[in-house]
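Below you'll find the structures, each written out as structure tokens.
Same chain, two partners: chain A is paired with chain B first, then with chain C.
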Partner chain A sequence: MNSTIETRDLTKRFGKNMAVQGLNLTVPTGSIFAFLGPNGAGKTTTIKTLMNIMEPTRGSSMVLGVDSKRLGPKEFTQIGYVSENQEMPEWMTVNQFLNYCRKMYLTWDNKFCNDLIDQFNLPLKQNLKSISRGMKMKAALVSSLAYRPKLLILDEPFSGLDPLVRDEFVSGMLDITGGENWTIFISSHDLDITGGENWTIFISSHDIDEVERLADWVGIIDRGLLKVVEQTEVLQNRFRRVELTLQEPIDIKLNFPEKWYLPKQQGRTVHFFDSQYETGKSEAQICEIFPTCSNMEVSGMSLREMFVVFAKKFKISEL
Partner chain B sequence: MINFTVKFQYGTPIYEQIVYAVKKAIVTEQLKPGDQFPSVREMSKELRINPNTAQKVVAHLVREGLLEIKPGVGSVVSGPSMATKAQRDKILNNEVEKLIVESKRLSITKKEVVDAIICNWALDNKEGKK
Partner chain C sequence: MNFIPYLFKKDLIRLKILILAWLLLVLAQSALGIGGSNLAAEFLEFQMFLPLLAKLISSLQGLMIIVIVPLIIQDDPLAGTTAFWFTRPISRKGLLVTKSCTALFLLVIPPLIAELFVLAANGATAWHLLLAAPEIVIEKLAFIVPFVILAAITPRFSRYALVGIIVFTVLVVILIIWSVIMMFLPRYFPNLAKYLYNYDLYKNPSLEASSRIAKNIYVILIGSILISYQFLTRYTSRTIKWLVVAFLITICFTRIWKLDFLKKIPVVKSSSATSGSLSAGFDTKYISISDEPRFGKKDVRLKSVSARETVEGLPFGQFAILKEMDDVQIKYPDGTILKSEYVSTYNIETYANQQFMQPIQAVLKDVNLLNPYKEDFSYTEVFSLDESTFHKFKNIKGTYSAHADFDIYKYEIVSQVPLKQGAKNSFGAEQVVIYDILEKPDAISVIINEKKINLLFDRSVEKKSRHDLTQDIYSKYTHVYLIVNKKRREAFLPEAGGNLFADMMAAYGPTRLETVIKRFDFTNLNGRSGHLPKIDKEWIANAEFVRIHAVKIGTQQINFVVENFSLPSQSTATDKKSDELDQQLKMQDKQMKELYSE
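== the complex of A and B ==
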């Protein structure tokens, strides 16, 4: 499999703060990769080293087949990069801004650009400084899509956007997947922690469902360390919520396999999350360990539910 | 336009769920032979799914003979097909056996299973009754 991004032991330190630690990540060509983690986890730092905005302290990364430290104009015309804190020439009108960008890219597709302008209802004559944040992000996206980049990097694209705008944003993003050799890398703080076990998930269920169906790869980073990197389909297949009713309560701590996460017992009811589910086999093992099991419910889980399990299990970011 | 209905559930691969939804739409004649099937791009944008998943769905349906690729038109729904011997065996023996094993395990009676099969056979009616 060809990869568009490949990092080896990528590390970035600011003084004593290890922002990114030994990151080994492969983003296959032709995939949508969701890079998730709480605020301050190291997502933006990772992206900045990938984009040659920062130099890594240690390790390296290859982007579009080139060492990221050697990325230059040739590669940048094939990369679209939209970040939450995008700096834009505020004094320009939307139209002036797009015309200004157009000149930098040989592959700029006027028809595609105009389609996107229509689709997003961009106010061409208004100044960038006078339009809403959502509009500004959409203008940035148009300026990064119109030359049909091979790699699209979106750093927190959804934060602060209302659901309708997010929806349009996703639509526009999918537009470039019609061509060849595209790759999309989205970073997002899907999870935000207010401390301890109290989790707040910023993105509405609608959005995380969207990530679930869109991303074929998911990576979770926390305090600079990559905790999970896996294909969405594999995650969906291997995770199950299990609820058992026992005829008589027993001590579940005995013989409880490591792969069954976060066991909880309330009288005769036992809950846990199976992280290695296999149809038939898992059920058989449950019956073996809990011979007095009288009822068993095994159900599939959403990505959001899996995140909460990962977060509790691996104690992701206790602030 | 997406001319079939799919309700996503957790725990089953998206692509399997869509393939099943299309088969059901064909059986209930929501999709008829000759109908235009959405392109990979349309499916991806409308259902908000990864284009690779949409591609996999079309490839699978073509391989199973449910869709035909017509040059210049895209993919269209094929005419009804006769099952091969292997396909008949898979359903009439393997799938039925699985159903019986599960039913016996849960002490469901033969009459209940047969009644459920008859009731479910008319897929449209079932929706109506509920």
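== the complex of A and C ==
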């Protein structure tokens, strides 16, 4: 598997605060990677380290096959970066801004750029400082897509955007990237982009299954530690919600495997989440542990439901 | 891909209004430097107004630099983690080159060209311009570099301004504390004070200038290294650490610097130097006693004894100026030796003293100086002591002695032009232009525009101390103007004390171009000479306006010895001195009235 991003023991410390701890991460080429975590989890620090904006305290990372500490102008012609807190030359008009960026890239596609401008309805004559935050993010996205980068990094691109703008932004992005073999690395603390119930709203023609296909890799980080990194499909295949009805109540703390998350008992009913589900094998194990099981219901889970489980299991706050 | 022109263009577009304002200021300053002195000569009101305007423009320029520098640097900031260019294909090296070029092109080149143009318009030669260029560049860069560093380590203007104000305040507080310490330290810990402070810089303006140039070059070099380091690495905290170290070294610079590489090349004519057969003393008829305060010691006043020193044995045409005195003491017959405290030899010597008349006549040769000054007004401090000791020893006779260093001078003619409006002459780094000649009954007034180019790298010129805040309003003995009619073999000295002036040097600070308007009144009616020929049209028609310079021809160490000297209980020349002062004040009052009636 070719990787576009690869980190080894990546660590970043600010004084006593460990922002990122020993991060080992591989983002395969051509994947759409959702990097999730609550505020202050270390997502932005990780990205800034990857982008050579910050130097890691320890460890290393490779981006497009180059040590991130050596990322320079040549590599940045192949990387698109949009961040919620990126400072833009706000004194420029949108047109001046795009022209200014155009001169930086030999691969700049004018036609593609114009299509994007039309698609996002960008007000070319207005100054960046006078347009809305949503428009500004769209302008930043156009300036980061028009040269067809190999890697697109979006750091909290939807933060602060109202739902309508968010929908436009994401649907536009999906349309644009649909036919391209790009690696997209999305960092967000907002579940809506990958599995939220609002997803169906902002992508009107897609249902939740399509959304889950969009982010084909998911990583969850909390307090600088990477909790989960897995393909979305694999994750969905191995996670099941299990509900058992027992003939008589038992103490569920006894002999309960670690892979079964968040067990809960209500009378003769037991709930838990199986994180290593295998058809047949898992059912056999359940019957072995709960011999008095009279009824067993095993159901699949959405990404959002899985994140809730992770949040509770790993005590991840504000996910 | 070379992205430098695009970045440069982007900065120009963004700062176009500020750049326009900046260039207008540079132009205004140039216009003032070229035409300001003539305006000042034409209109009395401008004589006060133009220097202020020049100062204002100069200050505004400084302010503009302080504002423009961060706007250039921080449009693509180096500090912080949110700059747009961090993730774009812009090389750090390219950005460094672009920003350096922008700062140079906008903030250094225009004022450099403007000032060279002004210097050329004021009589500077190609050689002067060649010497001026590096001086201007060093001065401008040394001013700009600290602000570039500050802009490079702060992410935005508000932070730049805040940090700048904090740093400025801290520096001022440190300076105040240091000044207070240095005020009291010499009294209680003189050796430590000597160690901490380089007193040589006060005594020697060229050493002070050398240390300043060296410090500026150091600031530029170290600053450039730090700026480059910050641009290439963006390790802001490390840059700040190195900056603190570099700043501490800068503070030590004036303390440790000893190499006087800007020292004036001596023009001493050793062949004509005097022999060692000189003797010095002072006229005991003119001794002045005055009280001097001692800060913090009100009860122990200092008694300062001043006298007119005399030097005997000088060849015709030479005169001596007291430079330094040490080992000053009075030895009494009972063996008691009274040593003087610090003796200041600082004195504003005007040419209107009898001691300069013979040297002036010597340079005029067969032309007669018709209105020589016949009195000596100068007093030099010869002894200082505590009030109580003074009372203990007053009126007791003893032998006064001191070791004294004298500089020996003679006059030389450096410029002579026809006494006509518009006549001008350049000599060395100076230029004199006769702006106007006002004819009056029994007198004429010559208004001149005196220009002097003071370049630090011009080693033929004596450096002026930055600590010397006195302006050239006194008629110093160092250069004297006369009107000379060679046909009639007659010469007049101007009346002392009536020179008007408009100090245009403020336009470029006291270092490079001094442009002063002066008025000299010549009259055949004065209290010290008898019947003199009229200075009328006929006399003027064949006259020249001559400038003579005191040229140092040697240094002599002479032992001052005055036998039977006693400290008088009161000044022996008080009455006479007040009469002289009274006369001088009346003369000034008359001239002011005359001036405003015009």
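Throughout what follows, the second predicted complex is superposed on the first by the 285 of 319 C-alpha atoms of A that agree within 3 Å, B and C clash if a C-alpha of one lies under 4 Å from a C-alpha of the other, contacts with A are read in each partner's own complex, and residues count from 1 in each chain.
Keep this in mind: a residue touches a chain if its C-beta (ideal position, glycine included) is under 8 Å from a C-beta of that chain, and two chains touch if they have at least 3 such contacts.
These numbers come from a predicted model, not from an experiment.
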Which superposed partner A:Ile79 touches (first chain B, second chain C, both, neither): second
First (chain B), second (chain C), both or neither touched by A:Ile53: second
Which of chain B and chain C A:Ile32 touches, first, second, both or neither: first
Partner chain(s) touched by A:Asp67 [first = chain B, second = chain C, both, neither]: neither
Which of chain B and chain C A:Trp91 touches, first, second, both or neither: second
Touching partner for A:Asp9 - first (chain B), second (chain C), both, neither: neither
Contacts of A:Tyr100 with chain B and chain C, given as first, second, both or neither: second
Partner chain(s) touched by A:Glu297 [first = chain B, second = chain C, both, neither]: neither
Shared chain A surface residues [contacts with chain B and with chain C]: none
Of all residues in chain A, those that touch chain C in their complex: 48, 51-55, 72-74, 76-77, 79, 81, 83, 85-89, 91, 100-101, 103-106
Chain B-touching residues of chain A, taken from the complex the two chains share: 30-32, 170-171, 174, 177-178, 209-210, 213-216, 233, 236-237, 239-240, 299-302, 305
Contacting residues of chain B [partner chain A, same complex]: 8-14, 41, 44-45, 47-53
Complex contacts: residues of chain C adjacent to chain A: 1, 3, 6, 10, 14, 75, 77, 81-84, 86-91, 94, 235
